[in-house]
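Got some structures for you, see below.
Each of the next two complexes has subunit A plus one other chain: subunit B in the first, subunit C in the second.
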Partner chain A sequence: MSKRMESGIKATIKELLTYKSGVLGIAILVFLIGLSIYAMVVLPYDQAIKLWRGSEGIWLNNPRNALPEWWEIFVGKKLPRTIILDSKTATFGVSKAVTPVAGTNIRLVTITYLFEFNYDDFPSEMNVFFYAKYQKDPPLVKITLKKPGGDTIEFPRFALKAPNDTLYYSISNDVLNTLLSHYVSKYGKINISEKLSPLELTFGKDTAEGLEKGTLDVEKGVYRLTIEATCFSEDSDLDARVVVYGKVYGPAGTDHLRRPLEIALLWGTPIALAFGLTASLVTSLLQLIIATIGAWYGGIIDSAIQRITEIYLILPFLPFLILIAAFYKLDIWVILAAVIVLSIFGAGIKSTRALVLSIKEYPYIEAAKTYGASNLRIIFLYIIPKILPPIVPGLISAVPGYVFLEAALSFLGLGDPFLPTWGKILNDARNAGALYRGYYYWVLEPSILLMLTAFAFAFIGFALDRIVNPRLREM
Partner chain B sequence: MVSKNLLKYIAIRAIAIYLTVVVAIYLTIIVANMGGKIDDFILGDLYTQITETVNRNPQYRSLPGPEKDKLIRQMFENEVKRLGYDRPFLERSLIYLKNALTLDLGRALFMVSDSGSRFVRNIILERLPNTVLLFTTVTVLNFFIHLFLGLYLSRHHNSFFDRLVVALSPTSTLPGWFYGIFLILIFYTWLHLLPPGGLVDVPPPPDPVSYALSVLKHMILPMASWIISGFFLGVYGTRTFFLIFSTEDYVEAAKAKGLPPRLIETRYILRPSLPPIVTSFALSLIGSWGGAIITETVFEWPGLGLVTWQAIQSFDTPVLVGITVIYAYLLAATVLILDIIYALIDPRIKAGFA
Partner chain C sequence: MSTALSVKNLRLYFTTRKGVVKAVDNISFDLKKGETLAIVGESGCGKSSLAKALIRLLPRNVHTYSGEILIDGNDVMKLSDEMFRRLIRWRKISMVFQGAQNSLNPVLKVGFQVAEPLMIHNNVSREDALAEAKKYLRLVGIHESFADRYPFELSGGMKQRAVIAMALITHPEIIILDEPTSALDVITQANIINLLKKIKNELGLSYIFITHDIAVTSELADRVAVMYAGEIVEISDADEFYYRPKHPYAEKLMASVPTLRTDKKLEFIPGAPPSLINPPQGCRFNPRCPYAFEKCLKESPPPYEVKSGNIVRCWLYHEGKR
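Entry: the complex of A and B
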């Protein structure tokens, strides 16, 4: 029996591959399964959760809301990558010198950062993270920036406020004022446009006209940033990390919390597949068994099942599910269980029941009854295997519905609170206004994966339907 | 003409359907109350609320601590009694059930309708027209699009368009709200042509004509999302349905008799296929009155779906039960009416009562 079934499955798959939609569906499914395995191997579950749930601290060196790197193809410009220069680690282009001032405890620390900026757009942000060691008086810091053209901007000296002080260069008012007064002293009396940000004033090719109009080109070339710090005791020291945040990041971009989206995109795949397949499989099989038992035994059992099915018809499925999910803050397995419980007495019961009622009269069932086969034996070995094949296409075609159900719950913010899923990316994107602000990649990436999943199962289900119901083939 | 048997059949069906409604509503009450668990949450909330009111009221400021506590306790107990929380849940659930069945939907716990009413009935009635406007329109539109295109394709099956529709039918596995996101991205964010959501412009236009036009403009995207989502599978389904009916033996017989094609179509194909079509249309029409929680949330359309969502978020049980009750009654009435119509027009069922 099992051997025959095995060859039957093999034959079905072979036949499936004669349909274009079957081939396409299987190809997409194989790709998604590959993606799931890749996700689970490269990024183990615990690590993925930690990275995704981790506070912004982990991702401090990532740009916020950065586009994926391949977006450049559509823009036709070379968009800036993130440049990280750290004096604590020996990075290329960073040098540090410490000179004690003779006769005093004072030490002069000079850190020089050289970096090439050859992109067609301005960076998105720039921060300087300081790591100071001192006893009583914090170091005095002076920053000098030399642009590729030779122009040198000097920022006034300031004292660090804490050992881990940070200079938020792109939003600092002091920086902006220094830059403005630098250009005023360079060009004499000009009205610098208020539209220009500190980053544009820093990385822009300055011309009097451009400054007044507020449109500057990027000045490409090697920039040199120098930090000179005066430390007031012998054991005091200073290190600093300069991060020039880009506008693109990695294969999928980042979200509003600087997290790389590929973590959730990758992990969303196995979750979506597992959720959709389990829900569809369990629901269909339970419906099948319940309907068969009802039709076989008849009487009270049958009418009880019929009545419950009618009650289910009136219960509002989605509000119920949302209600349960909202009240309990459930993890994904409980949501799955709730979905199954809410759908086992679905419409499928009626059609299966009708099918079983006609099979009940078949000679082979009569024969089984006469030689004394038990009820359970007849139900599970004689009837269910016979009606199983016709429900397989429906089972496969129902998978996308459950995948989207999970996505919809997450989209409303009711999904599993820990798991990174596609619906949750959509939820984040919606809450951050990505739909209205035009962060297309943020919405499109999870959507495309959802679409691929839906199409894979729809195509396979469609082809299977034609194999199982030959009558459809002529139509 | 109407036989006694038929009346008996209708009466039995009516009782059965009503019992179904009772059970469904009771289940809703239990789930919406989480078996009484929600009470703790509500009572805690109530207590904080009363404490705050008392603390904020200058009249009570001079009151000493213990007396203030006593006052708060007193007010709290009064409020609990007013809301009926002093009785056991089982008893309360039965009172809820009775009220719900008699359509005495009561007051909302937290929600207020736009006109300031706390009655659940007003909250629901205020939003129902919006939902009917949007989703009933789209359901009716979808029905006719699917019917006529399906009929057309069943006549021209295996033509280019037919194969196109069959090939594109998997696009309908994507739900309407999902297309909605794309439509917002395209028509609002990218092209700036249509509003991303809401019912009318803010502020609403003063004269009725431009008000209606503004509502219409806001309806385009949500309607389009549902039409696109349902289109290919809907047309494909109707077409296959008609094709199955047109291969029946009696159709072949009619063709062999040499009846004109138009007559065959109306009398031999459309006539017998009508009852299931009418059923599915009636059910989807009633279904459309419940609105669509996710679509309405995506488009911020102030209908029943959005009310449901807001009620869930603020744990407003009476509103949730109220919506389910109305929905259940509508559905039950539809099912009963369909049963009666079937009994009257379907010769196979009618024969059983002769």
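Entry: the complex of A and C
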């Protein structure tokens, strides 16, 4: 029996592939399934949740709102990647020297960071994270930056305020003032536009004519950043991590919380597919069974089912669901159950009932009654298999509806609070004003995946419809 | 020969919007063991309703369902629906349906379908039932490899054979054949008839053979019952019937059967079959009967025993006019 079934499914797929829409649909579906499997293998569920729900701390080394790396193709420029230099892990280009001053407890720590900056655009941010160990007096730190052209900028010495102090280089006023006064002392009074940020002043190619916003080029080459720290006790020490944040990140970019979007995009795929397929399958099958039972037994059972269906058809589905989701913070399975409960008495009941009423009078049903087949046997072995095929295309075509429904709920902030889903990304993007601020990738990526899902099932549905209803073939 | 089935005063009336349809009206007959009783008549005379009444396959709009059906001396009319389903259907009486094409479930494999009654009635495991089904498919002349096919892969004759196998599989004593050959070509008809004969002799069955095709019955029938407007108007031995039908309606019926390459003028019966809602007063055939006289218009004729077991309902015999 099962062997036959397999060959039946195989035959159906073979036939599906004779239609262009079937090929396209299956190709997209295979891609999405591949993506789901990849997501589940590479990024196990718990880890994904932890990464997605984790505080900003986890992603401190990521740029904020970075574009995906492939965006460069459209811009035509080499956009900066993130450069991380850490003295603790001895990254390439980092060297650290500790020299105790003879006769005192003072130790001099010198860390040198060498990095190449060969991009066509300025970095988005730059931070220096300090990890200091000290007893009483925090170390005094002096930062010196040597640009590729040989220009050396010395920043005033300052004391760390805490063991884990951070220098927010790109927004620090002290840094800005030092840089401005550096150029003034170098060229005399020249025209420096006021809107220039510390990063532009640091990485820009300075000329005697002035530094003008908009026309400023990036000075490419090897930068050398030196941290000289004076520590005041025997066991005190200092390490520091310099992060020069890029403007692109990974295959999907990052969001406002520096999280890589691919986590949610990847995990959104199995969730969307599972949700859509389960909801559609369970709803269709339950509708089928309920309608068949009603039409078979007739009388009070049938009337009751029909009246309930009519009431359900009047109830507005989405507002009802929104109401439920707004009052209870539901996880995805409860949402799924709610969706199923709200849609089992749908329009499908009516069409299935019409089919069953005609099949009920078929001679072979009468024959089955005669040789004593029970009601349930007739319903499940005689009627349902007969009306199942015409229902399958509808079932497949209904999947995107449920995928979009889940996305819509997440978009409205009513989805599962833990799961990273496509709708959640859209919600974040909307809250962060993504379109207003030009972060199109943030909205486009989940939208394209949603559309692909819809296309896949719609195409397969069309092709199946033509297989199951041969009369459509001529059209 | 002992009696397999005895029907007494069986009535089956339906309620319709226009009135009560007396589809089976006061019918009595006996079926002997190993005998084939053919029930012939025009379309709409109540043949199929009689079959349904016998196996208690009733539609929802039943008005009256009464009488006695004795099987092995027990009145099965007294059984509840559930008991009837368990004890009688397919155990004692099974049925081959009109139009085998439509009486097989298109989504079940033939073998499984044939095994269905066995699985339902005898609690036989699926494997054993399938093995038994293959045995019966062989018996009706279908290669057992067809057990794994779906009905649409079989020809009309093969489907008919499969349906016959389905009726045989639970070893019933009586089989109702409702137009078993009506949708088949003559060669296939002949094959099926020969098969039915062979099976009857091998298994010692009794047939109730319902058809409008008198030519086909002549091959198989031991006795013939003619139905007209819900009543049996004549029951005769087959040998007797085909040469000398008694009832005027039976006469006309025989005269309307075409014969090959003879110069016989085909006759027809003027008028239309009567309404079963308001049958004519007196003898129901009187508006179309060429011999009708006064009494026929007033009173319905009681059965007249021409000779043992041969019965006719016609005033001509009562009045000694024949």
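Methods note: the second predicted complex is superposed on the first by the 460 of 475 C-alpha atoms of A that agree within 3 Å, B and C clash if a C-alpha of one lies under 4 Å from a C-alpha of the other, contacts with A are read in each partner's own complex, and residues count from 1 in each chain.
By definition in this document, a contact is a pair of C-beta atoms (placed from the backbone, for glycine too) under 8 Å apart; a residue touches a chain by one contact, two chains touch by 3 or more.
All figures in this text were calculated on a predicted structure; none of them were measured in a lab.
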Clash or fit, subunit B versus subunit C on superposed subunit A: fit
Which of subunit B and subunit C A:Y382 touches, first, second, both or neither: second
Touched partner set for A:Y362, first subunit B, second subunit C, both or neither: second
Vertex subunit A angle, Cα centres of subunit C and subunit B, expressed to the nearest 10 degrees: 60
Partner chain in contact with A:Y440 - subunit B first, subunit C second, else both or neither: first
Touched partner set for A:L450, first subunit B, second subunit C, both or neither: first
Touching partner for A:A458 - first (subunit B), second (subunit C), both, neither: first
Which superposed partner A:G57 touches (first subunit B, second subunit C, both, neither): neither
Of subunit B and subunit C, the chain that contacts the larger number of subunit A residues: B
Which superposed partner A:G150 touches (first subunit B, second subunit C, both, neither): neither
Which superposed partner A:S374 touches (first subunit B, second subunit C, both, neither): second
Distance of closest approach, subunit C and subunit B, by C-alpha atoms in Å: 13
Contacts on subunit A seen with subunit B and repeated with subunit C across the two complexes: none
Complex contact set, residues of subunit B against subunit A: 16-17, 20-21, 23-24, 27-28, 31-32, 34, 37-38, 157, 167, 169-170, 173-175, 177-178, 181-182, 184-185, 188-190, 196, 240, 243-244, 290, 293-294, 297, 308-309, 312-313, 315, 320, 323-324, 327-328, 331-332, 335
Contacting residues of subunit A [partner subunit B, same complex]: 21, 307, 310-311, 313-316, 318-320, 322-324, 326-328, 397, 400-401, 404, 407-408, 411-412, 426, 435-438, 440, 443-444, 447, 450-451, 454-455, 457-459, 462, 471-472, 475
In the complex with subunit C, residue positions of subunit A that touch it: 4, 362-364, 366-374, 377, 381-382, 385-386
Residues on subunit C engaged by subunit A in the complex (per definition of touch): 55, 57, 85-86, 89-90, 94-95, 97-99, 102-108, 116-117, 120-121, 148, 163, 166
